[in-house]
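Look at the two complexes coming up: chain A is in both, with chain B in one and chain C in the other.
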Partner chain A sequence: MDTQWPRYMVFQQEGPDQPVVHNGTVHAPDAELAMLNARDVFVRRPEAVQLWVVLADVIFTQTQEELSTTASINRLIDADPPPAAGRLIDFYVFGKFTQQAQCRHVGEVQATSPQAAVQAAITTLADKQPLWWWVFPVSAVLKNESTEAEPMFSAARYKTFKDQAEYPVVTMMRALRNQKANQKDTENTK
Partner chain B sequence: MERTHQYALSGYLIALADDELILGHRDSEWTGHAPILEEDIAFANLALDEIGHAKLWYELAADLLGEDKNRYPDQLVYFREPARFRNLQLVELPKGDWAFSTLRQYLFDAFEALRLEALSQSRYVPLAEIAARIRTEELYHLRHSQAWIPRLALGTEESARRTQAALDALWPYAQALAAPLPGEADLHAAGIVPSSAELFARWSAAVEGFLTEAGLQVNLGAPISDFSRKVHSEHFESLIQNLQSVARLDPEAMW
Partner chain C sequence: MYGADVEQIAIQLNEDPQKLADFEARIARGEKIEPGDWMPAEYRRQLIRMISQHAHSEVVGMLPEGAWITKAPSLRRKLILLAKVQDEAGHGQYLYHAAETLGATREEMLDALLDGKAKYSSIFNYHTTSWADNGAIGWLVDGAAILNQTMLARCSYGPYSRAMVRICMEENFHRKQGQEMIILYSQGTPTQRAMVQDAITRWWWPTLMMFGPHDADSPNSGVLIRWGIKTRTNDELRQDFINQLVPDLQACGIVLPDPDLHYDAASKNWRTGPINWDEFWAVLKGNGPANAERMAARRQAHQDGQWVREAAAAYAAKSELQVN
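Coming up: the complex of A and B.
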């Protein structure tokens, strides 16, 4: 039996002018605890103005490679019969543009399914094509309330952290060793 | 500030700092042992925050006493005899199970939030400024511990049983939050600190409501017999030995 808690994707915005980017995952029994876990795991040092958590299972991903192969298109057609009365819902669209880059927010689309959302994103959003797309319903996201921003993130701004180099232990150990070696030398020469 | 107030306030601050230090130490015992990795990180964060708050209060006390701000906190923490610590017994009890530690954190955080709110209005400005800064962080602690209570108390049969057992064990100790801190009467009259009894009344109302809503029986059983911060439980001496062991190996060591 899988006793692991579900996985939530964590997205973080580091400054008001920065995009929301994917930062990692946390396990949590529900979204509220995922939010708290996300704060503790990801926001202690780098700054943040906003955190989003979303259940990993609801994220629909498609790579450029998948999009370009017939097999995958067939798979999509099989997997996603178009809904009869297509109700449009809002999707967030994220894209990963290089292997190193984090998946970042590129916009929103309205679509009847995740697959359709990717298609809509391809036609309306991408100035350059990302290596892979992520789409998920706007309604699936838990964001921190703006009133919570201060208690959640302010510590990361004013806390200073000591650099390893600031601990003089290594230097002290070396000095002690030298001192001992010198003592031995003088004893030997006596 | 008047000289008598300086002494009273330094004693008051050391008691506050001792609470934070000892709670932080107990929290740190979860490092590597918490139920999941994320919570391990979270509780280690809490521990660090509490110890950081202790440091701020010790430093302010050092200022008031004309002591060296860089040395005094270490002296108090690493070289004081156990009997001279002024923390509550509530924070020194062994960490227990997850329900026990989380519930203790909640009871303490809920009181801290009220006290820091009041302290941030203090007429002594350096105190008010530090309180405001700590309060921001404590509000997050409260949110974290508060989130856990209903999940434990309304979770499985076992988690409910353990949470109730934790509350039954902690409640008598938590009543000591009502007792005035060292030097409080004078400082309160001077508008420097709030009255613990008044804070306690507000705390009781909020906490009892919240716990009852989470399906817990708030046990109004007899409080512990001695609220004095000069009296410690049987568990305290070994905690201090552990806390001070490294520093006492080489008191002259530089870190």
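Coming up: the complex of A and C.
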């Protein structure tokens, strides 16, 4: 009936000093619509200064479990053509560092293939060994322009009714109970 | 079966005993299982079943309240309801994403829903007959969902767990706006008080059914708990909900539709009368008050969106041609 559109991974930066983190995915026929869908699905609340969308298929991932088996290591080495044969590409490197966390931006490496990029990340970013590596070419990412951030994300800032703190239900329940207790006291003294 | 040791289970599930033992050890250490990791086929199957049902529930869950957006009594209430229904759409998307990481495609999940093959929460097959139902849904239905989702936020599968953390944060707004509405109306005019009483009377029992069958009749619970997908049983969660809600609803002056409801001082629990499970199974099998209406609305919405999908695809194809 319908054909499924490609899947785009969505990354979000919540503030200027925050890392870019992975959020989820959207389906879209192209990156431009993926960006619009990502805004609607992931930025209904104001915590965003930047969104990235990347075709899910271009992201190469390795979990710690995969890396711990010799077969995987061999796969990394075998798949990697000798440096002279390939052109060096800039890769973004992401990692998941704790069991609860999402993948976040770690740095960039230059490599000839995604497999080589993971190897390069293991060597050059060795002080941070994540539980899960993700690498993808810098050129594969669509980001919003910084001038677009205000019109894209600021509308959510004024919708304070989406914040649970707007509803003082605990205080309201306490007031209701006090009122009931006072009524009882008055009845008892009559 | 699931009280048994790993070797027996490995034989029954036709899995490698060593891999299964390692997998269970990871879960016991509190580690998250990520999409690339080894997992038993049954773990994958159970998660796809649960997450897709959960996603469908979010999507169908837009319908009972969505019908009231144009009838909201004030601009503030309208904005709140719009945002809430939009959140449910987003929650459906987060969850379809989590299921996709296990190999299910969004297309096959959506088709299963539209073909009437997929299950979703029984609660959305009841009608919303008054404005106060939106308050009852927020406080009761979303309140019940949060208890379940708070548990699932700790589940062993990484993508599901992370989707739940995000959803729980947003659901707290849903619950509190509903509770605020019920508290205010319960102290309002006689008409408002009657409207609130009527809404809670109708939503109380269906909400208790949301937690699912009693533990003894819940066939999937054993494996779900063993592998850290669920960490608490249906009955435990239901009891927590009853203990939280009964005193608050009574403080609002609302009478619950259960002559057997009483406080058991020995166990410090509120005890309800028997739940009508015949009604629960009937609704789940498609014979609830609004099942047919919900599915018809969902199919209509999908059909009405057809031209948008076609236009988007045509635009993408055209841009690609221009680039090449």
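The working rule: the second predicted complex is superposed on the first by the 146 of 190 C-alpha atoms of A that agree within 3 Å, B and C clash if a C-alpha of one lies under 4 Å from a C-alpha of the other, contacts with A are read in each partner's own complex, and residues count from 1 in each chain.
Keep this in mind: a contact is a pair of C-beta atoms (placed from the backbone, for glycine too) under 8 Å apart; a residue touches a chain by one contact, two chains touch by 3 or more.
Since we're looking at a predicted model, the values are computed, not measured.
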item: Touched partner set for A:R39, first chain B, second chain C, both or neither; value: first
item: First, second, both or neither for A:A181, with chain B first and chain C second; value: neither
item: Which of chain B and chain C A:P151 touches, first, second, both or neither; value: first
item: Which of chain B and chain C A:R7 touches, first, second, both or neither; value: second
item: Which superposed partner A:T63 touches (first chain B, second chain C, both, neither); value: second
item: Per-residue touch tally on chain A - higher for chain B or for chain C; value: C
item: Common ground on chain A, meaning residues reached by chain C in one complex and by chain B in the other; value: 5, 26-30, 32-33, 40-41, 44, 159, 167-169, 172
item: Residue ranges of chain C touching chain A (in the complex, touch as defined); value: 30-32, 34-38, 76, 79-80, 83, 86-87, 90, 93-94, 97-98, 100, 105-107, 111, 158, 161-163, 165, 170, 172-173, 175-177, 179-180, 183, 187, 248, 251-252, 309, 312-313, 315-317, 319-320
item: Residue ranges of chain A in contact with chain C within the complex; value: 1-5, 7, 24-30, 32-33, 40-42, 44-45, 61-63, 65-66, 96, 99-100, 102, 131-132, 159, 161-164, 166-169, 172-173, 176-177, 180
item: Touch list for chain A against partner chain B, complex; value: 5, 26-30, 32-33, 36-37, 39-41, 44, 148, 150-152, 154-155, 158-159, 167-169, 172
item: Chain B residues touching chain A - in the complex, by the definition given at the top; value: 36-39, 41-42, 45, 49, 52, 133, 136-137, 139-140, 143-144, 147-148, 151, 254-255
